[in-house]
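In the two assemblies presented below, chain A is common to both, partnered first by chain B and then by chain C.
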Partner chain A sequence: MTQPHLARHSASPWRLVWWRFRRHRLAMAGAVVLAVAYLVALFAEFVAPYSTEHQQVDHGGAPPQTVKVVDTSSGGWDWGLYVNGYTDHVDEETLEITYEVDHEQRIPLRFFAEGEPYKLFGLFETDRHLIGPADPDGPPVFFLGATVNGYDLFSRIVHGSRVSLTIGLVGVAASFLIGVVLGGISGYFGGWVDTAIQRLIEFFMSIPTLPLWLGLAAAVPTDWGPMQRYFTITVILSVIAWTDLARVVRGRFMALREEDFVTATALDGVGRPRLIFAHMLPSFTSHLIASATLAIPAMILAETALSFLGLGLRAPAVSWGTLLEEAQNFATLEAAPWLLLPGAAVVVIVLSFNFVGDGLRDAADPYKS
Partner chain B sequence: MSEEPMSSAAGAVLAIEDLRTHFHTRDGVVKAVDGVDLEVSAGTTLCVVGESGCGKSMMARSVLGLIEPPGRVQSGAIWWQPDRGREGTNLATLDPHGERLRRVRGAEIGMVFQEPIAALSPMYTVGAQLVEAIRLHTDLSMGEAKDRAIAELTRVGIPRPEKRFDAYPFQLSGGMCQRVMIAIALCCDPALLIADEPTTALDVTTQARILDLLGELQEQTGMAVMFITHDMGVVAEIADEVAVMYLGRIVERACVDDIFASPAHPYTQALLESIPSIDGHRKSRLAAIEGLVPHPSDRPAGCPFHPRCRAALPGLCDVEMPDRHQLGPDRLAACHLYAPSVRENGPLATGRAEPVEAVSPTRPGSAVPRKKPGSVPGQAPGPRETTTADVDSDVRADADVEPLLTVRDVRVHFPVKHGLLRRAAWEVKAVAGVSLEIMPGETLGLVGESGCGKSTLGRAIVRALEPTEGAIWYRDGETGPVDLARLRGRELQPYRGKVRMIFQDPFGSLNPRKTLLQIIGEPLRRLPDGVRPDSSLPDRVAEMLRAVGLRPEYMWRYPHAFSGGERQRINIARALITQPRLVIADEAVSALDVSIRAQILNLLGDLQAEMDLTYLFISHDLSVVQHVCDRVAVMHLGSIVEQAGTDRLFAEPRHPYTAALLSAVPVPDPRRRGGDGRIRLDGELPDSSDPPAGCGFHVRCPYRREERCMSEVPSLVSASGDHGVACHHADELDLQRPSSAEPRARVSTGRDDGLVPSAER
Partner chain C sequence: MGKYVLRRIAYMAPTMFAISVVSFVIIQLPPGDYLTQLASGLRERGEPADQAYLDALSARYGLDEPMPVQYLQWMKGILFHGDFGMSFEWNQPVSALLADTLPFTIALTLGTLLFTWIVAFPIGIYSAVRQYSLGDYVATTVGFIGLAIPNFLLALVLVYLSRMLFGGSFVGVFSSEYAHAPWSVGRFLDLLSHLWIPVIVLGTAGTAGLIRILRANLLDELRRPYVVAGRARGMGERRLLIRYPLRIALNPFVSTIGWVLPMLVSGEVVVGTVLALPTTGPLLLGALRSQDMYLAGSIILIVSVLTVIGTLLSDLVLAWLDPRVRHQYR
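Up next is the complex of A and B:
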């Protein structure tokens, strides 16, 4: 009904989707958060002050340090990033270590600080980190506290984002492929093919998810390396997750098959493969992307849950799930509540994906207003 | 604004004064209703007409406080006074969610919508919904309410109401659902019924009966009716008063006879001229209104109609909003032509719109178009201006010419899968043995109610689906006859370009993700002897776009940039770019507004002459079919019941079903309203999965006689000339078209007289 405005006339469908998406503020915010998170994951070695192996046993369970910009303790305005050091007391009876912030001790920070050497992308040898103590041989810094074993939690969350953020993408990509192919075949051809695929989907959906994960994960040989495990877990997750997508695709195909423009295209002499992939599929790719975006958080949560239970990735691999595993113990949690921070990272990422997915879903059909 | 006194509001139950309903959107204020004044009096019917997008529905919704944000009633008053003795209420000032307005809605004003099935909840039985409506506004107990509900269902003419009380909406036909909606709207005896296009979604036979019903109910209850429609035929049938609406304003108000006899406003005149009248002259060009209804947010300055108006006065109409001018008692027109200053200076010679008395009072609608055939710029009056007799003689003289397409006993059955193993439990016989011939260069019409199988037959011919049985012989002189029904897959490719289809839905038939170049060019790239992608594809598409009246540079745009009428032009371009011989137009103009419909019909006519096309024109709209077709085949329940030359069929129907269809078409002439000799069919189209034995029509036929109708299937027998009819008693029946003396005298000219002795009767 609405008379389109001039710019809209020759705008491509993707541009229309983008225009609508841009109006969804929450989704835009989510998109920005995700962009930052993936950049961090990409440059994890650079962003994190320490590597995953860097252990400070004598600082086990150290609390987070607040980054300060200006030091007024000496009366004047002394500009420069720094954190305060700790003084630690060991309880004679319980051997419990308590930390107190030592306002006297200043550990200056700097950007592009010298630290452990690493190879960025396995190519460039460097020892610079985005931020770190100005003196590489001085006392360590723990922005988000240290784990019980004395690892820097901030560095570990940064490194863990690699696994946690990509497992969702890889898993969804795999399930996407299975889902679109099987759902497409099911929806377009119908008949007994459809019946067979639908029964298969129902079978997969009837399997209780958690026990299946547990069973499959337990079956992974313990001597496999982190990469193999990572890959196996992804496959396990996507084997379960493709069914929903396949149903969405099937439903779309069935609805589209009845559309006049599909009949018209068939009458134009277009063959079946081209009809399916060049004419029908593009009219709901944006829907597919939206539902895929909404599927990624489920994957992330699944990985976190599995690893938390000790059945997904295991140390020394670092993911948000394995980090949370350390927070299982109530006593440790009481002493070091910051160990839950990887959970906060999960929440932020999952929410962002959901917002972006919502925005995409609303924008996916630019022809409805 | 209204400087002259409004006509007497003495009997008015509803008086709308300067109503403005605006929508505050991101892109600015959309003035959907912009200063409407109206009254509806008890016992009368006010028809509000106009093209879609003119704000008719928004006006009706404003009355009931049904405007959703971001819209709101900006200003104006809606005086509601159902009871003469009591003070009126201004509905515009009431809280839309308040108690008072809720009582008015339903109890005092009933409303009926366009889509009856969508307006009823599928989760509840119709009885439950009716009882709920009754109990909301009365204190009746459950049992009493049920008795009342059954009485209401009886009143609206639903057979076996006790049984239907427990039916769900999807178990009833569209016509039945509309009756239920009317029962709900009327269950509390409202003083006003607002009916928003209540028959637009229905078949013409059902429409006729719903209109009859509304008339009867109005007579019984004395309620006022505000009837919103775009169909001038319906207006002529039921209106007492008419208000013509354009872009949120009433441009003309008059009683129904005046509107049709002497339309004052140029918009009213143009609306009337663009209707292909069922008695009108065939194949002449229709006077289409130029352009489209603009979106209310792009309202032109001055008179909103001036860009499309033939009588627009430069310097006046595009600058100043016209006042309403009183042209007589109860007669208003908002047009500068009636301003005293303009009348004195007499610039009327420039336009055709003349003051009331000058318009030919005899044949409204059809008399005018021939005067000005080329009213669409750039479309010269084509060679379609042949007379009726010429066309008929063309077709008949070439009796030895081989038909382009011969359909032989084609059946299309759809299996209905049932049960766990999805076995085909029974079949729907959508097309149950149809034989047809289509001659080169002619236009064959295929008419019937929805569900009669006409679209299925069309789709079988283009081989969008596979016929179950039968043959479809195609011969075009280049190759020998080919049975399209037997070809599979790639074998069909050579014929895909020769037999093309134009679809009904201008929105669903274009892929929104492709540019026009891709959409229109696709068949050329795919079909044999089309162009290769690298060569002149854009040139050919540009040429085709020009041929259908679109700008060639539009080829880079996507379908969302176009309106319904423009999309239908794109559809036509896609169908014709392969230089086809036969085009199946499946309800190609049914989804369009009258003025746009006229443009598209003219275009189809021009292209037929230019490209030597043959059309199979599938439509449920008999007036359109009569206007464009040389011959017509009438389908009922999957079979052809009658087939004849257009003039013969319309003047002398020989099958009772044809006669009933014809008499159900509302004639845009209020003087011919009324029930003289009208045939109203009982019941709905039977279920084609379980067709009645014998003649498929016997359950509805008013002339059903003995055993034979119920046991023996009549075959299509050619009675005289090419007039075939499938009825056992065709020879005995006297199916004169009611009150058709005048048109018959005009249509049966030339050689028809010799052939049809009954025309002289």
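Up next is the complex of A and C:
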């Protein structure tokens, strides 16, 4: 037997899953994007040039500035990161102020720039940001433009990733718990218990989810704090989202029940809970992880839609959904189309999760040819 | 078949009951009751609250009674008199508001369903027959993106683009000059020019899902021995495809109504709000914001019930088309 064969036959199941997953190029790309996104969320205060409270009222609706590496305006090649500044223009009749990128002005940038002080993880006090204007007292920079109220959109997207990226994980964890328990009971015991749980699942699947979510979200008291709201919304989302997972678990249990090793374990006198959780469940964990990954994007989209409609999270909480709420007005949108950029972040993350989930699903059963 | 129909309808009864209970619970969730809100609303507008009127309403909806009695009263009103309660915000019976918005909502949903089928059918077949061709990759990519874009974002982008490219407003159902005009060819064309955006926005995710399912099913069928046997006997490719595999692969077109319909209804809430359509979606959102709970609960109730009925119809059609389905249930 040759060496690679030996490696394949002696490798652990998880190693086999990893090898198979690695071959799925889109899934690998998705995994890299997600890894970067979660790192950004983790170090949000450091990555974002400004905090969520940093408001530049006199720059409301300023357009995005392109980061430039080299300045050729003076004839020679002048290296160094910079952005162009703004000129403002006041409309005589409406007194509306519009901003335009001024190619004459130059605002130098630097990495690890000095900015607002913050506490990373609530522990380390520092005032360094990944990138920012070299002169902390000089004019502000808006890489992705400013919101109507003068907040830096880039910083807000970075800070908003905390909520938007975690709500899917927390929500799926909650629905996972319900789904595995109910799906397991349904699939293992069968009979009338199964029928009852199946009817319940069919009920949840047949009703339109958004109206129900909205109805429940509207009942959340408006005076609750952001954290309380966040968890309530997560619970509301998972109350309905567990059904898909429960179906997967049930199907697997149904198939496994007939397997010889299950009969053997039962005949050995192993109790039911132990049989279910120690012997049956581990044999399809990879399938569960794949299904859970595919359930996350639906959660992210749901939170975005709820917050967009104003019934999910609310300002001052920053999430991609609450940021998009500002883009609801077409007049605003026409003046500041960059307000749609948080939506691009949503699409990229949801696509990545879908690719990774597809890759995991294909790799979940490494013993299949 | 008759037995299957009866069984399916019997299964639906508990679902309907559960929906009505959930809708009622939503009505009861916010603090305070409908009458106190009505009375304070009247006082805000400077109108004196007519105590006799309030008492009559209280008796009518059994507001002094315990919860289960209130629920029964509400259901009795709906089932026997078509009375869903009052909307205090609009100061109109809920049934009148529903009558204004439901027909258009149903028409929009069914229209989108048709659009989904018409688009997904040829693309799905093409993707399966020419697997791994350029067209297949394009369809798969577009499908992936279609599933990833939140539909309100798609609506915003489409409206923004159409305003930039063609100018004019595409929000609402009619342009201002046709808004109150009698029906004419021009008005109908104006309606169509406004409706393409909501139909595309609502239909994209469903179309993408349907293409994926049709492609997967057809690929499974095309690899079956009977297809190979048919080809070996010299059957033409077109006939070979249409005769059997397509017929079997088409089943999901009927059965997916079950999940496309709830999705469309959910999407309609968001898209209707963004595009300012006269549908139940914006009405529901407004009702929830102002805690106009009879209106909100009734919309959730009726929209869910209609979805369940749609799913039931699709199941029955499927059983009629495919004997395997009705035998499963026996």
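Note that the second predicted complex is superposed on the first by the 358 of 369 C-alpha atoms of A that agree within 3 Å, B and C clash if a C-alpha of one lies under 4 Å from a C-alpha of the other, contacts with A are read in each partner's own complex, and residues count from 1 in each chain.
In the analysis below, a residue touches a chain if its C-beta (ideal position, glycine included) is under 8 Å from a C-beta of that chain, and two chains touch if they have at least 3 such contacts.
Just so we're clear, the structure is a prediction, and the values are computed from it rather than from any experiment.
Touch criterion not met for A:126: it reaches neither chain B nor chain C.
Residue contacts after overlaying the shared chain place A:259 against chain B, while chain C stays out of touching range. In the superposition on chain A, A:215 makes contact with chain C only, while chain B stays out of contact range. Between chain B and chain C, the partner in contact with more residues of chain A is C.
Of the two partner chains, neither chain B nor chain C is touched by A:232.
By the document's definition of touching, neither partner reaches A:55: not chain B, not chain C.
Contact residues on chain C toward chain A in their complex (touch as defined above): 11, 14-15, 18-19, 22-23, 26, 29-31, 144-145, 147-150, 152-153, 156-157, 159-160, 163, 171, 258-259, 261-263, 265-267, 269-270, 273-274, 284-285, 288-289, 291, 296-297, 299-300, 303-304, 307-308, 311. Note for the complex: chain B touches chain A at residues 27, 53, 294-295, 297-298, 422, 459, 462-464, 493, 496-497, 500-501, 503-505, 508-514, 522-523, 526-527, 556-558, 560-561, 563, 571, 574. On the side of chain A, the complex with chain C involves touching residues 199, 202-203, 205-212, 214-216, 218-219, 221, 297, 301, 304-305, 308-311, 324, 327-328, 330, 333-334, 337, 340, 343, 346-347, 350-351, 354-355.
On chain A, the positions that touch chain B within their shared complex are 1-5, 8-13, 16, 195, 259-261, 263-271, 279, 282-283, 366-367.
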